[in-house]
């Protein structure tokens, strides 16, 4: 299925994506989901996250502004999602920056089965054990053996692994995709990675139950491609980061399946 | 008093609106209040909410991202507001989506006297007992007897009740208003309902003390009309949700009393 | 060093600024830092703030939406910053509005050595003991002896003191600068003060270690001037607060050293 067809599927289903995300980008992530045609909900209370995750089409967890309460909320939502077959996307924002973030990422990934693990190249390098460098929440480099380590991790944990950056890598442990859409302005605004995590939730949220992992990977490839093509469109009318942010929501809203399919730069590596 | 005259009154008084709102929309709600000419303050600490509510012109409570701490903060702020005669607006975001939200809405409405209860048609249907459907935080329908149930609830609780949607219903238990301004783009951005809740605070915040409930209802009608006419203006220059959000703040800022009075579509039903 | 040269220094160093700020403006503050060329990180957990502050170039503390947890996070981050020689900027948002805010500002300033204290004229008046009026989070006036009181406070606490408003005052206890760039639209959006607090972090974050206090004051003067000149540029293309916000990020991003140096209105008073 081409990426544009996934976009149509998302718009038809209007999947409910339960986000537990950071306070920096909640508004942006919600607007990105609305713009693409999904239905975002943010809920954090331990008293309700299991109920909310159960009725969602996907759960998107982002550890940008972590606290012990948020970790617990993520674990409760994730366990509920696992129980009811709701896909889970996890974004280990800033892992490697502090010991606490490393512990949190370990706690979350050891108690929840993920469908997609997404981060920048530095974060994913650290998660999959190929090394990497994270300063604050910025990646400052990945090692050459990242793709191989991602594939190993994906196979061992039976999850899709996504490393985004100038180029984006996606793997289900078997196939590796290299995606080269996007625009430098995407890295001048906060929340573009976190918005993508939400979109990944929307796209894997419309995968038919009992599909093989490779179908989730294709949905992830489609989500990233849609987001990055929207970024390219937005850059055409933006003067800087502020107008780019507004134009990005406009572009997500108006994006068509044909536009995505024509612009898509997806390379299947093996 | 026409809606435009209420707008002038708000701009003259620059009412301080104490918001306890959700983390998705705090920025948007604050900017909407600034743009219309009010003064927003957000404060959540149990240690200060009673003090802040006491000096405010209105308190706007929104349970979008609820936690036990937030519920307590709302109750403390609301009790203080009730004690000092400060009007309270309550927005039961996502009621019906989880049992926890139902409990929270019950706890809040049973301990605080409201001046305005506002939600989408699904939320209000659940609050007033006419039924309704809420998925995540989206309303997916209201029953035909919503207006009658709203009037009953308004009379019993002596509060204005507002159900927003394609058309907006307002009642003080006696009169029912049907408002038909607005634009579909308002539902493509997060926080438009929550911003309106803040604006309702600003408008009821300038009602003279000891006014009858019907005066609060008129202030509510004016707030909704101003917001929706601004939405119509914004839609004329917007290309999609991103540019619409920016244009909406611009429109609120430049909105004139005459413009509102001319564009207003307000029908008094009985 | 001229303000434009400080801008170049910031862009070269891309300083990591650890923000503990309020939930209203986190997104805006992060985007302002990205736009100017710095690297923002937001981290609040008691378990990690000391680690994050230690690796940052500056720590920016803002008490906009205060809770006991946030106060503790600020103190832990501030103590770590003091220990490792990382500059600290503190913004006592809304001090004077409630007793709790006064207590919090006292607790924070008594346990952390600041490099820059920044607020609006009302907040700073209260902090430095010259009096002032704060309603909610808006300043409504400063006393005539504010500059003298600021200088006294700066000398006693060995910190730069900044009072922003229609004109901005900066002092290191010795010299007093009066800055008159800026635009009225800056006060129509929420978070412009808080964004400036973040930028102050970025600029003092590139001051060479063991520099005298006056160098920090010069960095502060540069940060304010860059921000306000960007505001002037943004106002030229904005129609209202919404488009101004977007244009402000664009302007920060495209701001050049020459542009700042030419537009700068900096008066050294004594």
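Letters A, B and C mark the chains in the order given here, with residues in each chain numbered from 1 onward.
Keep in mind that, in the parts below, a contact is a pair of C-beta atoms (placed from the backbone, for glycine too) under 8 Å apart; a residue touches a chain by one contact, two chains touch by 3 or more.
Quick caveat, the model's predicted, so the values are computed rather than measured.
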(request) Identify the chains adjacent to both chain B and chain C in the sense defined at the top. (result) A
(request) For copies chain A and chain B, work out whether under half or over half of the interface numbers are shared, and give different or same accordingly. (result) different
(request) Mind checking the centre-to-centre distance between chain A and chain B? Centres are C-alpha means, answer in whole Å. (result) 33
(message) Multi-chain contacts only, two chains or more: what residues does chain A have there?
(response) 23, 27, 245-246
(message) Considering only the defined contacts, which chain A positions touch chain B in the complex?
(response) 16, 18, 23, 26-27, 30-31, 34-35, 39-45, 47-48, 51-52, 55-56, 69, 245-254
(request) Would you tell me which residues of chain A are touching chain C in their complex? (result) 22-25, 27-28, 64-68, 94, 97-101, 135-138, 188-191, 238-243, 245-246
